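In the two complexes below, chain A is the common chain; its partner is chain B in one and chain C in the other.
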Partner chain A sequence: MSRKAMLCLIAALACGPAAHAQQAAPAEIKIGHVHAASGAYASISMPVYDGLKLWIDQQNAGGGAMVKPFGKKIPLKLISYDDQSNPGTAATLINQLITQDKVDILVADSGSVLTAVAVPIAREHKMLLFNPTGTGAPFFTKDNPYIALLADPASTIWPKYLAGFLTTDGVKDGLKRLAILYATNDFTTTQANALRGFVKQSGAAIDIVYDQGVPTNTSNYGVLINNIAAAKPDAVVELGYVGNDIAFLRNLQDAGQKFKFLFALYPGVETDEVLKNVGAQAMDHVFTYVTSQAIEYKPNVGMTLDQFREAFEKSYKGQGVEFGFNAIAGYHSGLMIGQALADTDSLQQLDLRRALFAQSGKVTTLDGTFELDDTGAQIGEITPLGQIIADPKGAVRNVVVFPHELAAGKPLYE
Partner chain B sequence: MRRGLRDVLFVVLPVVIIAAVAPLLYANELLLFSFVMYLTLAQGLNAIYGFTGYLPFGYVGVFGAGAYGFAISVMILGLPPFAALAIGAAAGVMLGLLLTPLLRLSGAYFAIANLAAAQAVYQVVSNPALQDITKGPYGVSLSEVFAPRLSYEVGVAVLAATLLAMAWLRNSRFGLSLQAIREDPISAAMAGVAVVRGRTIAWLLSALIAGLTGAVFAWHISVFYPETAFDIGISIFATVFTLFGGAATLIGPLLGVLVLYGVYNTIGITVPQYFQLIYGALIVGLVLFLPDGLVSLLTRRGIRVP
Partner chain C sequence: MLLHAALSGLVFGFYFTLVGLGLNLVFGVMRIVNLAHGDFLMLGAYSAFWLFGLYHLHPLLSAACVLVVFTLVGLPLYYLVVPRLLAARDSEMLSLILFFGLQQMIEAVTSIAFGTTERSIPGRVLGSGPVRLLGQALPTSWVFSAGVSLAAVALVYVYLYQTRLGMLTRAVMVSREEAVATGIDLHRVCAIAFGLGLGLAGIAGVFAPFMLGSVTPAIGPEINIAAFAVIVVGTLGNPLGTVLGGIVYGVSLMLMQTYLSSWANLLPNLLLIAVLLVRPTGLLGRRVRRA
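The block that comes next holds the complex of A and B.
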């Protein structure tokens, strides 16, 4: 064989698979998702859905997402069903996405209750479950490679800085009697347990004088607030879903009751939603988590916080879904799907998993550093302690007060 | 041919065969399981509501008790699935026994008290103080016994047994005595019918069916929270399906599930924004024009419906 023929053969062999791959490239990448447009979980689900959709729309406007095995951009198709906050319906729809729609990427609904039903189904069908915000501990086991928590730190990590503050600066400032009120669901009960554990481990001179769980559908906190006041706490930590926090803060304002240190979960997570419902004065000086909504990370992938907020509000203004942490979570989930597609060897689910896990510790988005442990739980994103400061015009800002290296202000007590 | 045998041959057998082979024809097994689950639950509700007139709004409480009976048997006692199913069924019956005093109430009072009881059971199960037993609000994971195909087949077997029980109730003296109790308990008692015993047996049979169905549900779904197992929507669906098709018949609840749950899954998936409107219109139309359910279209004309 002549050298020229040999070179042609080598060239043909080298180009062959690529040419074949080009032919085999799908016309679109199907992203299957379930969201809750109504019911108990709509307030946390719809922002995630809108954030994810925004990312998909942006990708498609640029020709699609880069998919490495085909060496080109491929349009994305979002197939998302409304489970109406019903776990049984969510389970059926997840199955529908896998078995009937045959999606390439499977994205769970928001929150642990609606994610829970998807976990065994995804595992059974060997589909990687891209899980935006389902932090439930039972989901993450070493024998299940088909799940990854994308945008929410595991529930046990959330109160780390809150506890850190209470057991150091707080004790010094006289916060020695602690009251904990929490809604009895997985998300907030896990945080209450973690908080107790951190306090106990620290050995700080903190006395838990009130510790009460209430049903998640609690909407009147009047009597509970009186009971807390009767225990004479220096610090009150209230952990609930957005509806709980709104009801708690309203009742607190109506009662005219003040606590030296008051923490509530959602003012820092869905700030606009809480502001719209309780007003700036009821939020003023409330301590809360600082999520990516109030921290300017320097992303190496995707938009900055300001850019995303502007794009989100431009796309969804007036549609009843407020910008907040969950919107960021949805967009961030899209970014991580994009990273996985750009780095995967194939659309096989375990290859997608390998590509996604390869991003761990390397990618920073507007949501912070993406980092997974070996069970697929998110451990990179952090929740510092902040304090809401209201201005006379009715606007609020969340100022980081702990840890010291991130602090932008000092805590102000009532 | 005797009526009972005819009902078994022309209703029970076809339904069970279709349910058994359906996974070979349609891949969304969970959707099929949901149909089987609601077919069974609607019949279980039929046993108490259709035959005695007692409407348990909190039927999901017994269902959830069965689910948690199964889950606790697997998690705490380490029992294999079939033994855990028996415990789940027993948990349903035990809760049913505990709630038998509610049968002293009637009409809306029984329905509301039953709903309150279901909420109470839910709050107990989801209480963080019981974490060591029920896992409280943290949810249950039964991945070690997860077997969707086998649990589906067991679900079909439970449906078959339930339909047979209903066919017997529909055609037996005992079933007739229950209907007499429903129409006029005083007259029935004067005619020698044991009213309290009859109601209690019907309620416990209904509780057994719900407990067993809840246990199979727990096995099939394997990861769930108290909110999932005690979802009031399960009670509402079972009740509406039974009423829509026609209570106190074998075929009524079947029709209710097939039509309404079919509509739910078709419209709910394709045009969810219109779902509640269409669903609501269907139910309002039913209440206005067919208060005795779809089967009354035939029974009004003197046609016997199985």
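The block that comes next holds the complex of A and C.
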């Protein structure tokens, strides 16, 4: 073979894959998702869906998302089915997305209950599950590379600062008798377990005087509140979904019962929704988590909190979906999908995983710093302890009270 | 704790009497199962939410409006679907399928119209602070809702036992064929009972935000399960039994929450199974229904 022919062959071989890749670029990237447009989890699922859809619409308005292996922007197609808050339906639809629609990216529904069914199916089909908010501890194991928690910390991390406060400042302030009431689902049961564990590990002089689980569909807390009061706790921690917390806080106000320290989960997660249902007075002085809707991070990817809130409310005004943490989670999930597509070597699932994990610790969005551990659990985004402060006009703000380095105020007890 | 649980259960049970009353009236008169009952209750809740948000209408006035409107809506709805069901060979089974479809439609349309977030009316509208009964503090809104429920039950009894139309209704409940044979206008009696059933569900819905914390378009099926437990325990087709069923349900639920809280959501199913195994006719049985 002549030297010229050899050079031509080498050039052809070198250019071949690129030319092939250009030809093989798909017309669209299919993002498969399930959401709950009705049923018990619709109020935490629809904001995630809307936030994700907003990101996809924005990308498509600019020609699509950059996909590295093809060196160009490719339009995104969202295929999202309504699982009606039914785990069985969600499982069927996840299967359909993988086997029939053959999606490139698989995104779970919001919350641990509906994510739980998707985890084994994604693993079986070797599809990376982009998991917005399913935080249950059992989802994350070292032998399963096909899951990544995107938008909020694993449930084992959530109560870290709450427990930190109770076992240090709280004990000093006389919070020595603790009551825990939780809804029996993966999300809040894991948190209750973690809280107990943190308290026990600390060796602090805290006595758990009430510790009960209730079904997640509990809508009446009158008797439970009376039973908690009978145990004479100094601090009460109530962990539930948004409907649970609304019912709990309303029943507490209706019963005229007060506790020195009261923690509820959702006032800091879906603040607007809880405010509309229970009013500022019932939320005043309630301790809660501080999520990204109350903290202004400086994102190096995507919109700021104010920009996103404006865009969200403009897009979905009057559709009955409140802005809150879950809306941020949906948008943030989109951002991380975009980051993975922009950095992946191919659309193979393990390449997508590598690209997504490569963002760990480098990307900050309006949701905070994205950081994964080796099981795919989110550990970067934090949930400091805050306290809701109501003003006379009926507005509320969530003030960080712990840890000290982030604190913007001191805790106020009833 | 026991006294508080029992008292709360009693109050809660009175409310659930109202929840089950409309369903039982419809079944008792027409022998059809309205699986959309919980969704009409949900619509009552959204009506009250809407009326309060727009006009600050007190729930009591909303309840009166809802009773009238829902009853009137029930009349054409009856003539649209029920006569065909009654003419069918297996009307009970067909009614399950038909009203299940209606239930899905109502939930979907409400989700589109109002969204899926939780909705409620401030508890202070029915009075602030607790009420003390036998030394126990109970929310004013609960006591108020229970009072309205008892008033609604009383009105149903006045209708059934003190009016001519009520007498005709009871005649249909005892034997549809004999009632028709004596010249009773079956469809007129049934249409009014159907409308009243929806109206009662609507009233129960008005007070649902106070008893259940908040409502979403998805509460219907869960309400149906509780309502079924109440009326099966009491006696299917017997409105008086609904009161007893409501009390048994309410007190049992509060005792479960006190002593076995994690299992409280099993209660409706446990009650249904227990009654069907031990006393399939319900606690009051057929004798009272035919009295």
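We take it that the second predicted complex is superposed on the first by the 394 of 414 C-alpha atoms of A that agree within 3 Å, B and C clash if a C-alpha of one lies under 4 Å from a C-alpha of the other, contacts with A are read in each partner's own complex, and residues count from 1 in each chain.
Basically, a residue touches a chain if its C-beta (ideal position, glycine included) is under 8 Å from a C-beta of that chain, and two chains touch if they have at least 3 such contacts.
Everything numeric here is computed off the predicted structure, so don't read it as measured data.
Aligning the shared chain A places chain B and chain C in steric conflict. When both complexes are overlaid on chain A, the residue A:T184 reaches chain B and chain C alike. Once the two complexes are overlaid on the shared chain, A:A37 sits against chain B and chain C alike. Shared-chain residue A:L412: touches no atom of chain B or chain C.
Legend: residue contacts after superposition of the two complexes on their common chain; A:P215 is shown touching both chain B and chain C. When the two structures are aligned on the shared chain, A:F139 is found in touch with chain B, with no touch to chain C.
Within the superposed three-chain model, A:D254 lies in touch with chain C and out of touch with chain B [touch as defined at top]. In the superposition on chain A, contact of A:N226 is made with chain C only, not with chain B. Contact with chain C, but none with chain B, is seen for A:V242 once the two complexes are overlaid on the shared chain. In the superposed model, A:A395 makes contact with neither chain B nor chain C.
Mapped onto the common chain A, chain B and chain C collide along 113-121, the only clashing stretch among 77-85, 113-121, 185-193 or 257-265.
In the superposition on chain A, chain A positions 37, 184, 213, 215 are in contact with chain B in one complex as well as with chain C in the other.
Chain C makes touch with chain A in their complex at residues 1, 4-5, 8-9, 12, 107-108, 111, 113-120, 122-123, 129-130, 136-142, 211-214, 216-218, 222, 253-254, 257-258, 261-265.
Looking at the complex, you find that chain A touches chain B at residues 37, 81-82, 84, 86-89, 91-96, 99-100, 112-113, 116-117, 119-121, 123-124, 136-139, 141, 143-144, 184-186, 189-190, 193, 213, 215.
Those residues of chain A that touch chain C in the shared complex are 36-40, 42-43, 45-46, 85, 184, 212-215, 217-224, 226-227, 230, 242-243, 246-248, 250-251, 253-257, 273, 276-279, 319-322.
Across the complex, chain A is touched by residues 27-31, 34, 123, 126-128, 135-141, 143, 146, 148, 221-225, 227-228, 231, 233-234, 265, 268-269, 272-273 of chain B.
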